[in-house]
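Let me begin by handing over the structure; questions about it come next.
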Amino acid sequence: MSMPVSPEKQSTLSTVDILSQGMVINVGPQHPSTHGVLRLILTLDGEQILHCEPVIGYLHRGLEKMMERRPYRHNVPFTDRLDYLAALSNNLGICQCIERLGGVEVPERAQYIRVLLMELQRIASHLVFLGTFGTDLGATTMFLYAFRERELVLDLLEECTGARLTYNWIRVGGVPDDLPEGFGEKVLGFVKTFRQRLEEYDQLLTRNRIFRSRTQGIGILPKELALAYGTSGPVIRASGMAYDVRKAAPYEVYDRVEFDVPVHEQGDVWARYLVRMEEMRQSIRIIEQVLRDIPDGPVQTKLPKVFKPPAGIAYSRIESPRGELSFMMVSDGSPNPLRVHIRAPSFVNLSVLPSLLEGTKVADLVAILGSIDVVLGEIDR
Amino acid sequence: MNEALQHLLKQLGEAVSEWTQVGANEVRLTVSPEHWREVVQFLHDDALWQMDYPADLTVWDTGTGFGVYLRLWSSVHNHNVIVLTSISREQPRIASLATLYPGLNWHEREMYDMYGVIFEGHPNLKRILLPDDWEGFPFRKDYVAEPSGDPLHGPQPVD
Amino acid sequence: MRTRQPATEQYNPLAVFIEGLSTLFYGMLVTWRNFWRPKVTVRYPYQRKPMPPRYRGLFYLKWNEEKQRLNCVGCTLCAQACPTDVISMVKLGKGTNAGVSEFTMDLGRCLFCNLCVEACPFDAIYMGPAYELASERRDAALFRIADLAQGGEEAVRTNIETVQRLMAEEEKARPAAGGHAG
Amino acid sequence: MIEVVVQFFRDYPLLWTFVKAVVLASFTLLIPLAVIWVERKVAGFIQSRLGPLHVGPQGTFQTVADALKLLLKEDIVPSGADKRFFYIAPYIAFISTVLSFMVLPFAPGWVALEMNVAVLFVIGVSLFNVVSILMAGWSSNNKYSLLGGLRAVAQLLSYEIPMVLSVLAVVFYTGSLSLTGIVEYQVKHGWLIWQPPIMIAALIYFICALAEINRTPFDLPEAESELVSGFNTEYSGMRFAFFFASEFANNFFITAFAAALFFGGWDGPILPPIVWTFLKVFVMIFVFMWVRWTPPRLRIDQILRFAWQFLVPVSLVNLLFAIVLGVR
């Protein structure tokens, strides 16, 4: 419970001595707000956090090693289990990496479909953030509302891909099948509802004074620190750095659609929240443009049965809802990769947590951790 | 990019054994492990590079040695640099960059965890994903994963 | 260590109180509106949502009514496409008319990734709409041919009979080529 | 026959009070069943769900089933717990609630213990609740419980003061410390809520009541996402049921108390008085739940700052107004 005190000191304990001892408290691996099996060893002074040490690895499955033992294209379903809230972006990441390694071209229509699915996925993932963040701060109703709308996205994705969570719907060289009949209208219908619902969220949560006082000025991540730690996604954009892979290194057809990268300067929990809310609006914009511009054509490139890319190193980076998701593959010319490495955005973003937490209150812990929005599946891999 | 690359080669010509430019703003450098820290420090400090964003660091097992891969990005110039090196299997040691880029701290710990590569000068080099008492480095190609072992505490001897 | 706590802005309790109360009321309007909205939940065991046609649930082996057999010819392409070695099968006969006498899927390892369905050139294996596959027993995850085939036990029996009959016919038609199997 | 019983109790008034106490105690145990069911339904409807449906019509017996489940559960005491305090804490919470029910006038004459200092009595016994929470948090030998208990005490004590001050405003206004007296005053002079200083007092009371019964935005003592479940983390089975019951009974009481203080108690046309009391209480409970399911929760320092920097001075000034305006 507290640090050991030597016997001679024990007799002369003053109030100051008692206060200077930290209480060590374990948050997780089973805790309602760690969003998975994350364990934080906190040293507390009352409600003040003196020190935080994250302990990860409870979900480690050795995916990277598993991938070394299988042919390239067999590895795509495993990536569903990385960031399970945005499985499609993992699929895209690994497929892009394999495509670069093997020099595979992707048909235009497939690229548009990929972007469409990616943005739907982003909305679904940010809605999970919104809901869990609301619960973390005590607004339980927000959770249900966000999940209600996420359900609409999942229904759409289910109709297109046939699965609700582990989609595995992006293949090396395209997507396995075209969009189902009438999918575009359904997406537009969803977009229409979702616009109104976003307004409602703003009314319920964003404008709420309590919510703002819980998030503003909390967990400030300065721009320099955000860069030096290599954070990405909404975390770095909330710190005033307009780093979005979709703009910095456009992939698929992101250079053909118009959208803004929301940036906030404050770097606090509030800014990270706002960035994600704004990103959902931008995703809607992208979806509408994609549905307008999508060309006809094939959706998949024919590939040989045994796919052997030439020896070399390739990497791909995409903007997953959590940040820069990067796959790196080393090929030695055989059907199996020599090495697959996954640069998980949550892994990097979480490493900044200890420095954010020092000196804050326990109650802010959940707000800060929630605002980083980690998924343990991709941290532990 | 070209100018910056020339500048780099002029300054650190002997350290960079191989370089290729990929696309407009990406370059791949192969360096010797002794110059690892020096090259990265240069990329970090030099005004033409300012590689301030540590994107990725990883290690792979080639069977005879370990390859090290570092990807940096510059928020100022939008340069991408991949720095590659290879280290021997017997002496898997390389200079740590964790003090230069705090973001590489966990990456280096993970690579130590999985490959047993010692990052010299790392402030807190211990296992990160696996339990502290795990034996061996499971991502090495010669690691024998015993499925009959206790999943929590590494491979157990099978009689 | 307390330096990280941000300096609070000019704190005017009354303004904060009024703002807090008004935004609370504003938010309560949202909850009030939702109070009267139709509910979105489904009373699951009694009510079910229809599954979309592409839904990837429990597998089935397609039954060919015309030929009175399963489409599967036991080519093991699906087993090769599977990343987790779910599928194993016993081939029956050989050549174009071959079939399977046993087809086992260990769904305990299955990722439901659809790769086997895509790999099948014979239109033989599909994923259906059934999704309640959880069980308390490990062996319940082992689906044998009779569990997978459309038509169950009887279809499997008919399938074997058909394939054997076809094999016999083929044998009869080309008695000279009997010796060397491909 | 009835006359004999009535005569018997008239001869032994203490026994009569005891009978009333037993009836009230069972009432205190039963009313949470209704309140919890309402809570679940309201929460469900607000959240686009249907709430409990399975047990009984519209799930009315769901809470009964849950209560039975809790009664049958194993009684677990954490090792290293301070057993005496751990055992006794839930009952203290419950008794404090029952005691406050004793002086509550449901209708004319429907009061278990007619007391001319009822308001003081309520304020006094409700503080037992704080003690029980501290006991539970401390004795559980769990850091989360301890943090929750300490938070709860800090919060409850801070909000007790403006609450008492706003109640005192009513007392000074009506010149009565008896709840029945206050209600009768309102029956004669109209509801107090329409008097300006009492209106502010009612608002302050409402906020403090939210804090006293640990409702969002003041649900810190049991902030699920931070402290697992706060002071009652280690409790299960019967003891948890008592905590739970006392919390919801408290919810009922605090609204009934407000009805008596500000909304004229049983006063109302046509319907019988007891119906009016319950009507007012359940409308207020609904509002409490409505508030509960809307905003996020505050942080402990914000809560305390709000109480000490805003509510206490405002309620003090308001009390002064009430005294000045109330003197006739």
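Every chain is named by a letter (A, B, C and D) in the order it is written, and numbering of its residues begins at 1.
Quick note on the criterion: a contact is a pair of C-beta atoms (placed from the backbone, for glycine too) under 8 Å apart; a residue touches a chain by one contact, two chains touch by 3 or more.
Keep in mind the model is a prediction, meaning the values are calculated, not measured.
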### Summary
Computed over C-alpha atoms, the centroid farthest from that of subunit B is that of chain D
### Task
Grab the C-alpha centre of each chain and report whichever is closest to the global C-alpha centre.
A
### Query
Whole-Å distance, subunit A centre to subunit B centre, using C-alpha means?
24
### Query
Can you give the whole-Å distance between the Cα centres of subunit A and subunit C?
26
### Summary
subunit B to subunit D, mean C-alpha position gap in Å, rounds to 62
## Note on the structure
Here the gap between subunit A and subunit D, centre to centre from mean Cα coordinates and rounded to Å, is 43
### Query
Tell me, which residues of subunit A touch at least two other chains?
141, 145, 148, 204-205, 208, 210, 213
### Task
Specify, in ascending order, the residues of subunit C that touch 2 or more different other chains.
16, 24, 27, 30-31, 34, 40
### Summary
Pairs of chains in contact here are A-B, A-C, A-D, C-D
### subunit D residues within the subunit C interface of the complex
42, 44-50, 53, 217, 290-291, 293-295, 305-306, 309-310
### Query
What residues of subunit A sit close enough to touch subunit D in their complex?
1, 23, 25, 31-33, 47, 134-142, 144-145, 148, 204-205, 208, 210-211, 213-214, 361-366
### Query
What residues of subunit D sit close enough to touch subunit A in their complex?
43, 46-49, 143-144, 147, 151, 216-217, 219-220, 223-228, 293-302
### Query
subunit A touches which residues of subunit C in the complex?
1-6, 8, 16, 19-20, 23-24, 26-27, 29-31, 33-34, 40, 52-56, 81-83, 111-115, 118, 127
## Note on the structure
So, in the complex, the side of subunit C touching subunit D is made of residues 11, 13-14, 16-17, 24, 27-28, 30-32, 34-35, 37, 39-41, 43
